[in-house]
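Have a look at this one.
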């Protein structure tokens, strides 16, 4: 098979001086699925952004079908038939699917007006051709993640891409959705498309890719035949040491109830219940996992517990205290910690320094304040401790957070939330988009805290994670408890999937006492 | 002298409202376009002022009112271009750049006037032209409506028609789609090969053009000369009108009319011996009240916006 | 970091250079003695004590409004009410000094407090509207400027007007109210110390106090602040009210330092200048005086030029505008800078190569 | 071709110092080209230049208050025989600086320094009895509105368009009202304040509101903003009275139709008063250390007596105005002034004639 494109000696330095890629060689063959792997901040997205003309390399050449090309804008890349599905979706929320589809290549009618009907029609055509079903008239912000992803792929296909770049497409998908996606990818591959696939999940890589390229600290660790290389090897090449993804944890010793909800409901602006009649308990020293497809109310549930939203009906008790009417601050004072789903939106102030971000929950604590002024020294030393303990890769507490890669940003959040000796931790997608190294680290910490007697409510779309960490487990569907398992170790993935997709729902009695009825 | 009631419901009052509204409407439409593209243009005041002078000067020079209008609009666009160049290419803070433009306009126009006419206050020594008024055939005969809606300056009609045009531009054309996309998520637009910069350039230039129309109206329609600082804050009022307009052309129309009415009302109130300071406050107080009302219904509004964006 | 400082300095110098070049071109086109005009423009302010005094005098109000805007912008509250706050603060102060006759020192101090309160009052409404119902503070503060202006005029006209004065003016201030002149031959007054003290206070408030921390976090990412348990509504309130108070102080200090009575029947415009200063200073209180001085120098130099040469004073406005825009043009020389960065990053990378350490954050 | 701006001079001293020539400098706390007040003052010094071969210079300090005091200092340090400045805003600076330079001679117009603050024996103040002039304007307006002139209606309603509700403006208003009432007890006056001296559009808007309410002749006292009244007058075809300078002349050549409607203007003849002062200065009779209020007698105020006036105002009305002027001059009529009036007194006067 001939190389459809190749990158030679690519070097990229960002304006802030970060060297994202250094002399990277990279190439893909026509019709293969090629993985790019590497820790957070290894330079994967950057390399792909260069390939898609969004970033310009300082050094290096790009060859497309053997001839040297200069990709000074996404436009040129698109014209060469390169399409990209970005890690963070590149969609305009308020517009319809069809409008997003044709953005930049809008069909016209009577030569000046935008032809919406035509756009809809075009959308339908591609989605049929590659059987990726989607409603052209739906508003994008109302779509589920999986759909958004389909839309992104369709966008690329509509623009005639023959090389498809997918940046961490599975990070947000359920097993079913992932399976579906993989089928689609295989099917595209068979139609002669070339696919570049970024992921942190070794299993997936092994499952569908032909070859893989590993990046570390912006350098290429070589191209490998997927079959020929073991997971151990891969992670060693990525992290520079062996990584044990299996967290060995001893059985839980649950104590008294830390958090309990009774008939908890939340109705959104339009009045429809997003969280519906949820009653459950989490005990001291127990990790309760909540599995479920994104957008089935997990997010709202978490916000209700942490005080960001106020329940429409029902009660929440933390350590026996009703918190329904308490402020976020008061709830945090009950020793509740919260790892938010979207670190960039809630978890950090991206332009703030690491130090500032580490103290946001305790900046006003008497310990750190005089009458008028803060005790800067003690704040700084505290930050430095945390940076050390949580191995945040940075050059000091004064560095801006947005210069860290996602993995390290997440460590900053985790450091802050875990270090306030919490009685309850609400962890929402704690390891999303995080490399194996950091993932391992964060999961260990969770288990440690559990063993020290913290109650953990773990929400994750990553089933492995839920299954691996949870002592008990709950599935949410349509804002309700679709299933509850006293003992998480007894559950199998596919069965969970059924509950997650609402194909199955448990009866009250099946769920047993633990949900507190 | 009749009661306030008679005044407000007199045809003259209605006519005045439309006239007072015109310059504000132009400017707030301009502001709207720029904000939709994610670039705030607060240099409306200065741009209108400069355009007002350009219109007078060029119409006097060419002897044609239309020539003056074109000149004013072109100058408006040039200032939009200037703002765009500094904000988008040189990355000067756009608010700052706009304030600087306002600063330059207030002094520059006086200087310009002096160079052109030798006067520093008013351009009356120039034989500048005035844009024609238009009698609308049938409407003109109809009792109440005629006096209110007919026989306005041509630009007043242009302003109101522009509302529809801007709506079509933003919601029915590819360019509009791109402008909104850029304003809402520049990365997304960029990733599909839309040039964010180019789109924002276009938006700022268009907003300048509207300011140009507004300026032309001030000096070639509202009054028949240019005089220093003649915009007298209308450019800022327009920003308020835009902000109140829920980011929608017809919303902007309503809020501009609100201003126009409040202003005309203030003038009518002069007849009753209310302390003049309070009379002067009326338009601004009305705005704040409007702001409060709007803020309370924001939510439902926001959803309306979404519905229309779907269309 | 040091490299950045160096670069910033070079960039600023280049910007000023370019701006001056443009200024020269403009001056050439309007003047018969361009060389002399430019010389006056640049050196006028330092050629004699009074002129230099004028620069410092003008810097004082700019520092106050610059600080006021910085505080509000730091919290991402786009309240443009410094203009009205400044004016209304002065009105408040006038009311006080003409009503109570207190001994020296006490009187101006009381006046400044009242002025601050008046200014704070002015920005309170936009703040409340924002906190309570999310109404755009930009709009309401713009409107408040006008309302405060007319309200102020009403108060002066009806309660403190000097009937014998040939124009709208309050009665003369008692001497006890005046801020002492500190530099003979100039009008430079004690206010400069108050202004500089405020710079320090505001700095400590923003960067060393818990309220300042909360304020900055709200500015950086309000959702993060909420999530962290910060009371964002109260931040929205106090950031704007404090901003208004600082502006009000400024109005008072300017009035008592420079004027024998209240005679403003126009908004003095320092609010907008404050925005310029604040943006130039990137909301950093410590940089505010620097850019306030820069702007004041620019203006005084320009006035001198207009006064002693044939360059009309209006041209100056254009020159100022160009200067402000260029000096803050971040992208100026960006290309050069990037090459600079790349070069030594690559070096660092090579170096790191050797120890095989992490390099991306080098 | 634009008139060259104030001619340049070396800093420190005026151009080639010649011993005998009288050196006169005029400081304007505003700019030339206002077609009014400051232009009139400038015209005055130019007459002085011609009539007495003086060497003159005009400095425009612009409207920015912060520039005024420094400029006055600078000029005071240079050697001029007469330093002329104007408006109330300058008085307090002058009171301070004049004492620093006892050998300088200062003339300040349209206001008076407070001679009680110290030794100001080197300052001569010129006040204008704008209330006297306005009295005539009011009388004219009343005559016109009650007359059967073609554009006047049968309502006895006249307009006053002020810039802002401040004493100077109200001094015009008081005279205007008295004049009107003197002619006809039941004339009422529609008083509006534009709230600005720049916004001629708003000036027009307010004037139209007045005309639409039945006003058939109005008096504008609002600088540039007031000019909006002339546009309004033309639009609804009513009469207007200008102020400060001869506003008919502002449009005489560029827009004659408009000029036709400006029956006359109540002028402050700053030029006359300055020439008069210079003359007395040379003769050594100028009463420095005093303030003089110049009115109709000194021809320092008065209605513009131009062709439009001649052509459009009936002879008998003009005659009657002449008489009134005489009666004021020889004291049979004394016009009251707003300067020194409390806001309440003012309100009474305004409410009395409220339509």
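We just call them A, B, C and D in the order they show up, numbering each chain from 1.
Here is the rule we use: a residue touches a chain if its C-beta (ideal position, glycine included) is under 8 Å from a C-beta of that chain, and two chains touch if they have at least 3 such contacts.
Protein names from UniProt, one per chain: A = ABC transporter ATP-binding protein; B = Simple sugar transport system permease protein; C = ABC transporter permease.
Fair warning: this is a prediction, and the values are worked out from it, not measured in the lab.
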Contact-richer chain pair [B-D vs C-D]: B-D
Farthest chain relative to subunit B (centres taken as mean CA coordinates): A
Length of the line joining the C-alpha centres of subunit C (ABC transporter permease) and subunit D, rounded to whole Å: 37
Inter-centroid spacing, subunit C (ABC transporter permease) versus subunit B (mean Cα positions, whole Å): 29
Whole-Å gap between the CA centroids of subunit A and subunit D: 75
For subunit D, residues contacting two or more additional chains: 5, 31, 164-165, 195
Touching two or more other chains - residues of subunit B: 110, 114, 275, 277, 280
Of all residues in subunit C (ABC transporter permease), the ones touching two or more other chains: 150, 153, 157-158, 312-314, 334
Interchain contacts, given as pairs of chains that touch: A-B, A-C, B-C, B-D, C-D
Of all residues in subunit D, those that touch subunit B in their complex: 1-3, 5, 31-36, 157, 164-165, 188, 190-193, 195-196, 198-202, 204-206, 208-209, 212-214, 224, 227-228, 231, 250-251, 253-255, 347, 350-351, 354-355
Residues of subunit B that touch subunit C (ABC transporter permease) when the two form their complex: 86, 89-93, 95-97, 99-104, 106-108, 110-111, 114, 233, 236, 239-240, 243-244, 275, 277-278, 280-281, 284-285, 287-288, 291-292, 294-296, 298
Residue ranges of subunit C (ABC transporter permease) in contact with subunit A within the complex: 204, 208-210, 213-214, 216-217, 220-221, 223-231, 334, 338, 341-342, 345-346, 348-349, 358-362
Touch list for subunit C (ABC transporter permease) against partner subunit B, complex: 30, 125, 129, 133-136, 138-140, 142-144, 146-147, 150-151, 153-154, 157-158, 272, 275-276, 279-280, 312-318, 320-322, 324-326, 328-332, 334
Touching residues on subunit A, where the partner in the complex is subunit B: 52, 54, 73-75, 78, 84, 86, 88-96, 99-100, 103-106, 108, 112-114, 137, 139, 155, 159, 269
